[in-house]
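Labels A, B, C, D, E and F are assigned to the chains in the order they are written; within every chain, residues are numbered from 1.
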Amino acid sequence: MEEVITTKKKKVGLLGYAFKPMWISLRTMIRTSLAGGKPNTLLYPEEKLDLPDDFRGELGLVMDRCVGCESCARVCPNKCLDMMEDDIGGGLTKWMPALDLAQCMFCGLCVEACPSTALHMTNRYETATLDRNDKIFKPHEWALKPEDAPDQHPFPYPELYEINCTGCGACDRACPHDVIDMVSIPGTAKKRPNGTFGPEKKIPVFDYELCVSCALCVDACPFDALDMLPRSTTASDPVVQIQLQPQVQITKQEVSV
Amino acid sequence: MGPQHPFTHGLWTLKVKVDGETIVDAEPIIGYLHRGFEKLCENRNFPQIIPICDRLCYVASMSWDHVYVSAVENTFGIEVPKRAEYIRVIALEVQRIASHLIWLASFMTDLGNLTAFLYAMREREMFIDLLQALCGARMTYNYPRIGGVSQDMPRNFPHQCTKTVDFFEKRLKEYEYLIEESEVFRIRTQGVGYLRASDALNLGVTGPALRGSGVPVDLRKTDPYSAYPELDFEVAVEKDCDVYARYRVRMNEMKESCNIIRQALKNIPAGPVLGKAPRHFPRGEGYARTEDPRGEAFFYIQADGTDRPYRVKIRSPIFVTVSAAPAILRGYKVADVPSIMGSLDMCLGESDR
Amino acid sequence: MSVDLIGFTIVAAATLVLALMVVMSREIVHSALYFAGVLIGIAILFFIMNAVYVGIIQILIYVGAVVVLILFGIMLTRRNILLG
Amino acid sequence: MTCAWASRTGDTLINYLYYIPNTIATAILSLLHINLPQLNYLLTWVIASVMLIIVIMVNVIIFIYVERKELGRFMDRRGPFVVGPAGFFQNFADAFKFLIKEMILPENADALGFNSTLVIIVASSLMIMTVVPQAPDFFYTNPDLGLLLAFAIFAIEPFAVVIAGWASNNKYSLLGGFRSTAQMMSYEVPMLITIISVVILAGSFNFSTIVNFQSSHVWFVIPLILGFIVFLIAIVAEIERIPFDTPDAEAELVHGWMTEYAGIKFALFQLTSYVRTFAGAAIMVLIFLGGWTGPFLPPIVWFYIKVYAVFTLFVWLRASLPRVRIDQVLNIGWRSLLPLSLFNIVIAALLRISGVFH
Amino acid sequence: MSSAAYLPVLIFAVISVLFVLVSFFVSALLRPTKREPLKETTYECGEVPIGDTRIQFHFQYYMFALIFVIADVLTVFLALWAFNFSAGFTPVNILMFVFTGLLVAVVLYALKKEEIIWI
Amino acid sequence: MIPVTYVLGFSALLFVIGVFGVLYRRNAIMVLLSIELMLNAANINFVAFSNTATGPNPAAVTAAAANGQVFALISIAVAAAEIAVGLAILLVLWKSRDTIELNEVATLRW
């Protein structure tokens, strides 16, 4: 048996033996029962916690806003979102995410990734069911009314950090909707020693009317020249010519929400 | 004392060899909660790992998020806005108080005082409310992002936070009355679970257990990170090396955390909270180490140029501290096991990974 | 036969049976258990014979202390105290 | 020295706990046309026993309810509140749940030891209340040596606990049994010595005499405050409540010697612990706090008021203090309480000799 | 000392034993019984029971029982003395005081000396 | 009132059982238990005789009863002491010889 080392004990005062703790508990009792106070218990089924607005509860989908960009399905760590065709009423179908809530870990990454604020985390947190299949939703089953979701903030659109762009055209190839055209900038062609002009520098130009904010171009860009930034859709001129604003240097202050 | 024993907070086994009631040898067995975390990380890209880091330690999620995020930032040299650093510090300290409170609760339950358990849980609720206001979730925060934090704090958060901290300091005095002013608590903790400073250093024990042995090692001071160098605080150190010293260290740390929160709220600069995070990560490797509520947390990342880490290594403080358990336990009574192991603040999520 | 005598006979017979079981039982802890029964029976006999104080002391000392002492002795001097 | 609390103590009242059963028994026998005094006696006491068991059970249920509610308030929470008015029927629901739980005999367990000890423990605990009178007009039996007999019955449990722990074939049970017995034994001695000091003052082992003596002099808590404290600590240890619940410290030994008991057996053990609490509180009230004496109200009401006050004290202790380690428990018992109780005897004897009490 | 007052206690003992048995019986009517070998294993915190349960207890426990027996016998005589207490400094009282004092001394000495063997 | 012969018969039977146990069982603790049985049988005799003390003088009767009962008390105390000492010897035996079977410790010196 190893020798047990004991340090010298500090005794509490005379009152300390049991009286101070007893005094504290007595005070609590008086506070909670006699002096008009109430215990700290939350009577759960009747009362509920008041939750903040951005509480991360069950997911909800606003079907009207969904553009089928698959951003959520791509960002989900648990692969609980899956895209499928579902009808939105009136015989129309739409490409929308289906949810397996049983796999969801309520991280909220999909909500942040959603460009059109179609995804929203509700305040519902009582998610228990008896059957696991009850928590696998088709798109219209976890749909949310638009008025329950918070206001739609401006869609983010790809913006160019011109400094980083090399004109490789990867974004153009990645874009599913023909938003991006690679445009040559006149006068940027370098003069070769033999007198001919090389190819002019190209930069992407976005047709924002076609864009669904899927951010595939941003993912595709090898040089981090693109970023998704919120932008008003009601701009008078839908096609923004980047080259007309060569000084677009997005600073971090503008990024902040 | 197996996985389903009332005093094991989490799933682990402590095989105890006794002679009468005296412990001759002890062997902690962990791994019941192994989820292959490090392998899991290799299949997810960098932002997707953050919510999994929440699950490393379910009572100190924020600090594990933070250590991961700062590891990524160190690896790729990402700049974090000042305001985000301050918000992170506030969140970390609130998390530290919450974690210490849940430690206090479980520790006092081990010692048989259910009242302190409920009181501590009651106060923890306030801090969880704070974190909930900050990020919208009560346990799995997923708050820090690579290059900042996910959202700025709500408008009334500083007010709420100050109010809570002021109230909590009052309650902390009440705890001291309730817990340590009783002779029973003293005789249960003083002179029990002696851990020499040299032993602690050799075994690699960190955190409150080390500081309880009189070694003033606190990464917030010795290897400052985030906004800590700009804040003024003291490291809680006790020289008694026993359970009581560890208890005192944690209580003092809670007080210091309150100070830090107040200072940070006062000094917080304006500005953005989320810097530009790259979508493409170059090759590289890096690490971060921070002062978890339980000790020194360490996160190592090796990136191979894709959007996922090639290798992730975690050093969990509890994994090391548990290994030190036999050295602490030997020679004491079976009845001391809860108080000694309770004073180490077990959290199996991070040690089993 | 008076009621006293009937009671005495019943208790005495039970006590004797228990005493026999003490001696014959293979399991030594069972012996101790039966021994406690014998002691309580004898205490009841003391009560019947108007020796109340002795009866109470019999319970207090024998059942409360001596049986426990014997049980501790049994537990302490066994290789395998749980499995017989 | 006459005491202000002296009122309504008399032995001339009818004992309801005998009178009602006797009436019922006589009525039954006269209906059956049997004229046998022995049978009448037996039937009377059987009915009285059942009545006493019912009284004890009702009290135990109220005890559990009071404890839950008070503990809740001490801990800043509500107690049970769903079942019945203010959660009063929660205990019944729990009891019924225990009743329909499956019972398990663990492998290699000793069936005889496992079950017979249960009977011994429960029956002996219930028996304590037979010799403890609750009021001059409400007692089961009030023998001359009632106080001593109560403690003799108190002393039956330890050996059964060891056997129960041994029979469960479980390490926790065995350790718990040993601890429980060691603790009960350690605290029985100071307790007995303390009651001897009371007996020196009152001159009798009879509860009624002690109470009457107190009502005509002074409550013994005043001259024997030391003994009262010793007795309080000892009784808390004897009935194994926090801070002295080391035998079933759930953090160390899962539930002590009760670990392997399931279903109704476990319920009976829990009930037993409350019966012992009731008995301990009642004895404390009777020998230190003036028993059933008190102004204006009937004696039995006073008795129960005092019993519940003492029980609240127990709950209060439980809410405030952590658990003491087993060796410290035993150290307190032997090193502090035993000398204190012996000192208390000297005080009592000197008080009696000097003629303050006579 | 008449034993008449004690007979009801015996009757009550029988009744209380019956009470336990009746509650067993009621429970046996109500509860399910499904025997499984796994269910009947000894509770060892969810692990398979290890070791051959060869626990031999330490000698210390015996000391408690030993001292308890001595103290218990002591209380018997103290109780007798208390029961027939007569006021005044009679030889009995003086003797008893001396006895108690000696006892305290002996107990304290023993406890001091045997400090090591307490569990 | 129980005839004293009955009680004597009972105690004789108990004593015989004790003797039988001493002779029959080889476990030392069982031997101690049997000795306790025998002591109890003797105790019963004391109490039985004290119970039968009759005479015209009630004080004398009480005194006689007290005599017998005091003997019984002393016997109980002695028995408790005896079993404490006996078990202590057994424990020492167990420590040194690792057995308490009386057959195996028959040698008087070792």
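Criterion: contacts are C-beta pairs under 8 Å (C-beta built on N, C-alpha and C of every residue); 3 or more make two chains touch, one makes a residue touch a chain.
Quick caveat, the model's predicted, so the values are computed rather than measured.
A.B. asks: Hey, what chains does subunit A share as contacts with subunit F?
C.D. replies: none
A.B. asks: Counting one step for each move to a touching chain, how far apart are subunit A and subunit E?
C.D. replies: The fewest touching-chain steps linking subunit A to subunit E number 2.
A.B. asks: Using only Cα atoms to place each chain's centre, name the chain farthest from subunit C.
C.D. replies: Most remote chain from subunit C, centroid-wise, comes out as A.
A.B. asks: Let me spell it out: compute each chain's centre from its C-alpha atoms, then which one is farthest from subunit F's centre?
C.D. replies: The most remote chain is A.
A.B. asks: Looking only at C-beta pairs that count as contacts, which pair of chains has more of them, B-D or C-E?
C.D. replies: Pair with the higher count of C-beta contacts: B-D.
A.B. asks: Give, as an integer number of Å, the spacing between the C-alpha centres of subunit D and subunit A.
C.D. replies: For subunit A versus subunit D, the centre distance works out to 63 Å.
A.B. asks: Determine the centre-to-centre distance between subunit E and subunit F, using the mean Cα coordinates as centres, and give it in whole Å.
C.D. replies: About 21 Å separates the centre of subunit E from that of subunit F.
A.B. asks: Could you please state the distance in Å, as a whole number, between where the Cα atoms of subunit C are centred and where those of subunit F are centred?
C.D. replies: It comes to 12 Å between the two C-alpha centres.
A.B. asks: For subunit F, write out the residues touching at least two other chains, lowest number first.
C.D. replies: Each of 73, 76-77, 80, 83-84, 87, 91 in subunit F touches at least two other chains.
A.B. asks: Hunt down the residues of subunit E that sit against at least two other chains at once, touch-wise.
C.D. replies: As it turns out, subunit E has residues touching two or more other chains at 1, 6-7, 44-45, 53, 55, 57, 59, 61-62, 65-66, 68-69, 72-73, 75-76, 80, 119.
A.B. asks: Of all residues in subunit D, which are in touch with two or more distinct other chains?
C.D. replies: 74-77, 108, 143-145, 148-149, 169, 174, 178, 185, 188, 254, 319-321, 326-327 - these are the residues of subunit D that touch more than one other chain.
A.B. asks: Which subunit B residues qualify as touching subunit A in the complex?
C.D. replies: Residues 19, 22, 24, 44, 47-52, 54-55, 81, 115, 119, 122, 132-133, 135-137, 140, 142, 150-152, 154, 174, 177-184, 186-187, 190-192, 194, 196, 240-242, 271-276, 278-280, 330-332 of subunit B touch subunit A in their complex.
A.B. asks: Quick check on the complex: what are the subunit A residues that touch subunit B?
C.D. replies: For subunit A paired with subunit B, touching residues are 1-12, 15-18, 20-21, 23-25, 28, 40, 51-52, 54-56, 75-77, 105-109, 112, 121, 218-219, 221-224, 227, 252-253, 255-257.
A.B. asks: Would you mind writing out the residues of subunit F in touch with subunit C in their complex?
C.D. replies: Against subunit C, subunit F makes touches at 1-3, 6-7, 10, 13-14, 17-18, 20-21, 24-25, 27, 29-30, 32-34, 36-37, 40, 43-44, 47-48, 50-51, 65, 68-69, 72-73, 76-77, 79-80, 83-84, 87, 90-91, 94, 100.
A.B. asks: Could you pull out which subunit B residues touch subunit D in their complex?
C.D. replies: Interface residues on the subunit B side: 5-7, 21, 108-116, 118-119, 122, 178-179, 182, 184-185, 187-188, 333-338, 342.
A.B. asks: State the interface residues of subunit E toward subunit D in the complex, per the touch definition above.
C.D. replies: Per the touch definition, subunit E meets subunit D at residues 1, 5-9, 11-13, 15-17, 19-21, 23-24, 26-27, 30-34, 37, 39-45, 53, 55, 57, 61, 64-65, 67-68, 71-72, 75, 78-79, 82-83, 85, 87-89, 93, 96-97, 100, 103-104, 107-108, 111, 118-119.
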